[in-house]
Structures are given as C-alpha cells and as structure tokens.
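The two complexes that follow have subunit A in common; it is paired with subunit B in the first and with subunit C in the second.
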Partner chain A sequence: MAEWFKEHGEKDDVVLSTRIRLARNLKGIPFPNKMNADDAQRGIDLVEGALEEMNYTFTKVDLPSMSQAEKQKLVEERYISPNLASSSLPCAAYISEDQKVSIMINEEDHLRIQCIYAGFEEQKALELIGRVDDYLSEKLDYAMHEKYGYLTSCLTNVGTGMRISYMLHLSATVMSGAADSVFAAVAKLGATVRGMYGEGTKSAGNLFQISNQTTLGRSEAEIAASLGETLGSIISKERELRAKLSEKKGLILEDRIMRSYAIVRSARIMQSKEMMDRLSDVRFGIGLGIIDDADYTTLNDIMICASPAHISADFGIDGAVERDVKRAEMLREALNR
Partner chain B sequence: MLCSNCGVKDANFHYKHISGGQLTELHLCSDCAKELGYIKDSDAPFGLGSLFGDFLSSPKAPSQTALRCPQCSTSFDSVRRTGFLGCDKCYEVFSKPVESMLAKIQPSTVHKGKLSGADGKKIARDNTLKNLKEELKRAIIDEKYEQAAVLRDKIKELEAKEGENNG
Partner chain C sequence: MAEWFKEHGEKDDVVLSTRIRLARNLKGIPFPNKMNADDAQRGIDLVEGALEEMNYTFTKVDLPSMSQAEKQKLVEERYISPNLASSSLPCAAYISEDQKVSIMINEEDHLRIQCIYAGFEEQKALELIGRVDDYLSEKLDYAMHEKYGYLTSCLTNVGTGMRISYMLHLSATVMSGAADSVFAAVAKLGATVRGMYGEGTKSAGNLFQISNQTTLGRSEAEIAASLGETLGSIISKERELRAKLSEKKGLILEDRIMRSYAIVRSARIMQSKEMMDRLSDVRFGIGLGIIDDADYTTLNDIMICASPAHISADFGIDGAVERDVKRAEMLREALNR
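And now, the complex of A and B:
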C-alpha cells in the first residue's frame, strides 16, 4: 500500500488531507510531562504487547536508532509530530501496513492514535480510527473518568481526546485578501486555523489546517458534524472566490499560473519556500482547468518528497544549495512527464 | 487575585511555605483555605486567627494530597498555571480547579462521546442506571405509575446484568 499522499481523495481541489487523532493515556502511569524513563518504557511495552495480538499489522519505527533527518522525514509525511521527533524520553511510533494509521507513544499523551487520508474522508477516517481505538481499549487500561471521559495531560484534550484536522489549500481566499475575515469567522464557529505542521507552525503555499477547538461535552459525531459544516463553508467560499478571480483577472491570473508552472518545470535551483508558492499556483491552475497535464496527487507527492528532510535522508545531501539543486531536478522530473 | 485552588472566588488568605529551601506561595479563598486545612472553622473568615493563624496557633499540617498529587507529585499551582496535569490521579486530587478550568475552556464539563474498554462500559452502564432512576423518581412524582413500572423493570434488569458481570 502507498503512503496517504500518493492517493486520491474527495474534494481534493481544496482539501489535501483528513487527519483524526485520539489522545489516550494509561491508568496509573504518570503522563509524559511527568514520567521518567522507566515509566516511558513501561508504556511502550504495554502498547507493543497489545499491538502484537492485533490482526491489523503495525510496524515499529525505531526512533532512537534514526537520524534527525529520518525522523524529520516522518514529520514531513505527518506520521509523527515535531514534538515526538525531538523528545528526550523513550518513545516509539507504529505505522499500519496500509500506512493510514500511526500510533505515537509518549508524545504529549501516552498514546496519540492518528489516522490520515488524502482529500476529504471524514467517515472513513472516523470508522478506521474507531476500530483501532476499540481494539486497544480492550487490551489496555485507559485512564478514564466517570464525568470527563478520556483523561489527557492537557485540559484542552479531555473528553473525546479527538482532534480532526483538515489540510486546506486556500489560494483564492488568500489572494483576495479574505483570509483574515474567513479565519475570524471560523474561530467564532469553534474551529482553529493553524499552519501546515500543527500548533505554532507557519503556513506555506497557502496551506492551512483547520481543526475542532474543544473536545469535551459533545460526542465524536457532533464534533465531526460541526467541523464538517465549517469546512463546507470554507470550501464554498474558496470555490466562489476562485471563480470570481478567474472572471475578473482572467489573463493576469492565467499568466501568473503558467509562469509558475514553467518555473517548476525548468528551474535549476529551487528553495523550499519557492516550491510551495509555485506549486500553490499550479494547484490553482489545475482547479481552474488551465493546467490539464498535471494532477493533485502528483503535486502532493512531490511537495512531500522534495521537502528538506526527504532530500537529506533519501539522497544523503546535507548542504542547502545542493538540496535546492536536487529539488529543482525532482520537480522537473515529476512535472515534465 | 483569584483563589489558586478553585479559581473562582477572591483570595483572602495568603500562605507562604518553605520546604527544602523552596518557597511556595498560596493564595486561597476562605472556603478553600478551610477545606485544605489551613484554617479552622472558628478562624474564618476574617478573624484575627486567620491573619495570624500561622503564628498564634499551630494549624494542622496542610494535607499533602491537596497540595501535591500523591501519585506524580504535580503541584496544583503548576496545574493552574499550565493547564497540564501529571497523571490520572491529578483529576481527583485537583478536582475543583480542574472543574472550573474545564468550564472555561470547554463547552460543557460532561463527556458525551464514546466510552470504550471495561471501565468505559461500566461508566456507561452506571450513567444509564442513574438516568433511569431519576426518570423513575419523576414518574412517581407525576403519578405516572405505568411508566414507573416499566422503568423499574428496566432498572432491575440492568442491575441483574451488573451483578452477573461483577460475579
């Protein structure tokens, strides 16, 4: 099975990915912010024991033996968080054979179970992560509370422990200067907008993550439905603005898109930020039907495979300039087929 | 200044505690100060005793469980400052500040989502029973005896199942 970013998904003109994570903790063991190395190892052993008996195969990612670039590669593919990659505690990650589910041990909580799909796939993701969680809850003693449900180390995750995040490409919203007002409206509806890799990270290439802000007091289905509604309005707004921009600035917009497309197919040196910005234009061009010989999946794939840590780890290139040369070469290869 | 325990009322009791060279400052409302054993009932709320309580009398030692979690030694000051708890036990030990902090950041403080695993299923059963018993009470008050009989049977059935599960 291929990684999530090599697949197609619904509504992928705007939605790049659907990610759901559940925060779970084990009874009687201090949370990661308070645990010592022995506690941390005990948590890993317990989860590993439970996963071994499961008829959905997980492969352990041996984080302690990996280089920083290899770990960062998993961050770029969104299988692990930046926090886990830099953790000093004994920690572990497991990735399912179909590459849809990953489980992080000793991140902010003992378990962070995560499920990721390309495009908009709320139902599939809810169903799959629910199955993995149900199985683990039979094997492990989760920390639970009669009133608060699943207990987590931070009070912002208590209850369902669930965060649904959609990665969105909002080029027209940004270009039209509507981003601030759209994001303010999103916040009023109880959702949060963040940069590409989660909390505290910046946006690149007009990519944003929106997710539910609260986790307690509403069921998983209610949280999903409410965020889904917010997502629906963001998507309609973005599509509406794309149509407007295309109508008003047809030739100027087309020129900008085609220039970007020409550059990613010809450049000899390409920095990461420029790649993100150019690919954002190309993505817009595909959406408007101006570009018909490239597709969203190719863009998702190259965007991740030409990220800094991927180039460092896959080609053993450490220098920034050499990386930029390699990135340009990869882009030419991917987009000149 | 708000009470560092409940986070709701004004703090009118200020306590400094030196242990192992570490100075800890506590700011409590009179109710929490009483509950945590810093002042006696007769001292509250503004008697001389509460102002000089530390010096005039020897109040009983503050209960360790209330100051620090016995399982992970997280202090409630750190919970209040960071919103992070150290373990599952902290939720019992710091139940008051946790409840008031959750009320501020979450739409409700009652979990409505799924409950999985043995503990989760037990919590779900207990909640159902509790709700049925409340409905039964209401039905009796409203003199809806037929409905009450149905509810009573349901409760009996659930309790019998519970007995089987425990046995």
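And now, the complex of A and C:
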C-alpha cells in the first residue's frame, strides 16, 4: 500500500485530502499536560497492548531513535503532529498497514486517532476511523462523561472529540480576492479556516484547511453533514470563480500557469515557498485543462516529498541552499516525464 | 541573400553586429537642416542616378508609400534611422542586393551610407563601404574642405564622416556591476557607449553600442584600429567576467538562465522589454555552454522579427496586448525546435 498522498481521491480538483481525528483519553491516567513519565509510559503500554490484538496491523514508529528530520518528515506526511515530534514526554505513534490511519499517544490527549485520504472521502474516512475507535473503545477504558461525551485536555474537543479537516486548493477564491468574504461566511457556518499545517500556520500555495469548530452537542454524523454542506458551497464557489477567471482573464491566466509550469520543470534552485506557489498555478492549470501532461497525484506527491524534512532525511542534506538545489532537481524529474 | 541578422559573424559571443556609416553631402545643395523640398528632391535624383549605373544593385525603398509600421520595421532592422522614418522632407533609402549596405538620402546629411554585418566584421565592412563610397565619390560632387575633409551637418562628423558602431552583449559586465567603470574607461579611450537604438536610447537586454567619437584629424584606418583596440579590451573583460561569474555563482546563474529559457519557450504574453532581458540570459547561457540547443543567430533573428513594428507590419496587429501575445507565440515557435 502506498502513502495516502500517492493515491487518487474524489473532487481532487479542489480537495487535496480528508482527515479525521478523534481525541480520546484513558480513565485513571492524568491528562498529558499533567502527567509524568511513568503515567505516559503506562498509557503507551495500554494502547500498544490493545493494538497488538487488533485484526488490522499497526506498526510502531520508533520516535526516540529518530532524528528530528525523520520525525519532521512524518509531520510533513501528516501522520504525526508538530507537537508530538517535539514532545519531551514518553510518546509514541503507530501507523496502519495501509497507511491510512495513525495513532499518536501522549500528544495533547492520550490518544489522537487519525485517518487520512487523498481527495474528498468523508464516508470512507468516517467508516475506517469508526472501526478503529470501536475496537479500541472495547479494549480501553476511555474517559467519558455521561452527559458531555469524551473528555479531552482542551475544552474545544470535549464531546465527540472529532475534528474533520479538508485540505483545499482555493486558487481562484484567492486570486479573485474573494477569500476574506468566503472565509467569513465559513466561520458563520461554524467551520474554521487555517493554514496548511494547522492552527497558527500560514497558507502556502493557496492551500487551506477547513474543519469543524464544534465537537459538543451533536453527533459525529451531524457534524460531518454540516461541515460537508459548508465544504460543498466552498467547492462550488471555487469552481464558479475558476470558470469566471478563465473566461475573463484566460490569456493572462494561461500565461501565468505556463510560466510556472515551465519554471518548476527548469529551475536549478527552488525554495519551498516558491514551489508551493508554482505548483498552485500548475494545479490550477490542470483544473482548467491547460495542462494535460501532469496530474494532481504527481503534484501532491512531489509537494510532500520535496518538503524540507523529506529532503534532509532522504538525502542527508542539511544546508538550505543544497536543499533548494535538490528540490529543483526532484521537481524536474517528477514533472518532465 | 538574407538580412544581416540571419547570418553568423565572428566573436558573436559578445559582438552582435558591426556597423559603419559614412556621412556625405553634395556640393551646391543646402544641408538638410536648411534645404527645401526642391533641394531635397534634387539630392535624391542625383544619388539615384549615380546608383543606377553602379555594378552593385540597390533597391529603392518606397518610403512615401509605406506605413509608419513598415518604416519602423526598417529602423528595427537598422537599415534606416528613426529620423529618416519620421522625416517630413522628401527623402529616400536604398538597400543593396545582398542587404549589407543601405543609403539614406536627406537624413541629417545628404547621404548616410551604411554597411552592417552580424558579429565582428570590421575588415569586411570597411572594404565594402569603401567600395561604395569610392564609386559614389566619382559620380557625385561631395562637399569637402581641403584641410578638414568631408563637410557634414553636425560638427561631430566633419572629417572622415565615419562612425563605426559595434553592438555588444555585455551581460557579465552589467551583472558584475563593472559597467560604469568599463564605460568610463571606454570614454577615456575616445569611444562612446550608447543604448541599442543610438543616441539617447536606453540599453535593453544588456546590449550596448560602442562607437568612435572622433571623426576628424585621423584616417579611417587609424580610427578603426583605435576603436578595434578598445573593443578588444571590452570583449576580453566581458569574457573574463563571464568565466568568473560562472565559477563563483555557477548554480545561481544556471538557475536564472534556465528559468529565462523556459519562460521564453512557454509564456503566452511577452512584452518587448522582457523579451530582451530573457534573451540576454539565454544568450549568456549559450556562451557558457549551459544551453546547447539554441544559437546566437536564432536569437538575433527573433529579437528583431518580434520587435513591435515587425509584428505590427507583418501581422497587421496594432494593439499592445495582441502584439505581446503574438510575440510570445513567435518565441515559442523559434525556440522550441
């Protein structure tokens, strides 16, 4: 099985990925922000024991033995969070055999179960993560409140503990200057817009994460349906604006897209930020049918594989300039086929 | 025979063209700045009569019947001057069968005989223009002063009436920040540096014209030798700086060159100024051996054929945007072979 970002998904002209995570905690162990190393180890042992018996194989990621670049690589692939990568407590991560599910132990909560698919795959993701959660809830004693639901370290997660995040490519929304109004409308509908790597991060390459704000007082299905509706209107708007831009500024757009495509296939030095911006144009060009010899999967793949930590870990390169040179080489190789 | 800019020449890594012009006036007719239409026509008739008998065929350019774009096209090809193209006096231009020599009548002087070659071709140019001048001096009564030599409208041309101009591509001199000091040294050696289209014009694409300042008190051969020496040192300096830049900033330079090359082969809209700058990088890339599937002649050719008046005249395009679109198309066609 390949990593999620090497696969195709639905509606991938706008939706890069569907990610769902559940926050769970274990009864009788202090929350991670209050726990000591012994508590932390106890949590790991409990979860690991449960996973070993499961009919769906998880591989432990040996975080303590990994370099910072190797951990960061997993962050870039979205299997673990930046917090886990820099945690000083005993912590752990497990990745499923099909590379769709990862479980972090002792991140903000004892368990962060997450599931990720390329494209728009809400149903598949809900189903798979539900299966893992159902299994674990039988083996582990989750901290729950009869009225509120799952208890979590941060109040914003109490209830379902569920956050669904869609990574979206909103090039036309941004280019048309409609981003502010669209995002304001999204916020009114109870969803949150964030940059690529979560809270407090900036957008790069016109990529945005849209996720549900509320976890409490509604069922998982209700939350998913409500966010799905919001998502639908963002996608429609983006597609509508793409068509409009293409009609009104066709040639200017084509010029910009073909220049970016030429540059990613020719440059000898390429910084990460520029790669994101150029690939955003290329992605737009594929959507408009201007570029027909590249596909979304190739872009998703190279975008992640040419991220800083990937280059550092995979090629043993530390210097920023050397990394930019390697990135340019990787882009030429991936896009000149 | 092809136009001069479709041919190869010596030292064309730095020298785009060698141009020599002679200023001559006819005895008994007021200088152009004082002449009336009858005087002007008399001059034309005299020269035309002389040319008809010559054993080297000249074709008359029918200026009065030409559109402004068609005249400007001849300016871009350097066969006539901007002044002649906009003259209100009766004037004329003749181009030789091999397209190496052109003669303008009633520009600043009664006759401006000029000869142009691609690359560094001082000897060929001196020889050919000398032959035409010798012939005409037998047929026409040139205005001369026993002591000073040929009389001209402007004092700066009195004497030999000769100006030799080399069009140079000085990318490394400019990029290294050495242009000011090199040009100051050139001025001390009695040469003038100007932009691409002569006096008062700016440089585009790192192209400069170097020409002799003095026309008086020295023979044609002495002037040519002295300018040739200055030219030699500019060429050496440029080549030396190219090697240095390539050694010190090889990758940055390669990145810049390959991006420019990719852009001229992919853009959908290209302004004239950008074309000049990008082609300057491509030219540099050919010189450094980074680009091996393009040659100087192709660049010279497209640079002139995609100039504004060429596009207007050849394709009947007047709007600036439409012209930029056509230019991009021409570049893609010329450079994607």
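Here is the rule we go by: the second predicted complex is superposed on the first by the 337 of 337 C-alpha atoms of A that agree within 3 Å, B and C clash if a C-alpha of one lies under 4 Å from a C-alpha of the other, contacts with A are read in each partner's own complex, and residues count from 1 in each chain.
Keep in mind that, in the parts below, contacts are C-beta pairs under 8 Å (C-beta built on N, C-alpha and C of every residue); 3 or more make two chains touch, one makes a residue touch a chain.
Predicted, not measured: the structure shown is a model, and the values here were computed from it.
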Exercise. Quick one: classify A:171 as touching subunit B (first), subunit C (second), both or neither.
Key: neither
Exercise. Check whether A:325 is in contact with subunit B, with subunit C, with both or with neither, and answer first, second, both or neither.
Key: second
Practice problem: Look at A:30 in the shared chain and tell me whether it touches subunit B only, subunit C only, both, or neither; answer first, second, both or neither. | Solution: first
Practice problem: Considering only touches as defined above, state whether A:252 meets subunit B (first), subunit C (second), both or neither. | Solution: second
Practice problem: Using the superposition on chain A described above, determine whether A:72 touches subunit B (first), subunit C (second), both, or neither. | Solution: neither
Exercise. Give one of first, second, both or neither to describe whether A:266 is in contact with subunit B, with subunit C, with both, or with none.
Key: second
Quiz item: Of subunit B and subunit C, which one touches more of subunit A's residues?
Solution: B
Quiz item: Which holds for A:146: it touches subunit B only (first), subunit C only (second), both, or neither?
Solution: first
Quiz item: Which bits of subunit B are touching subunit A when the two form their complex?
Solution: 71-74, 83-88, 91, 98, 101-102, 105-120, 123, 126-127
Quiz item: Which subunit A residues qualify as touching subunit B in the complex?
Solution: 25, 27-31, 33-34, 130, 133-134, 137-138, 140-151, 153-156, 158-160, 162, 190, 214-220, 222-223
Practice problem: Spell out the part of subunit C that touches subunit A in their complex, as residue ranges. | Solution: 251-252, 254-255, 258-259, 261-263, 265-269, 325, 328
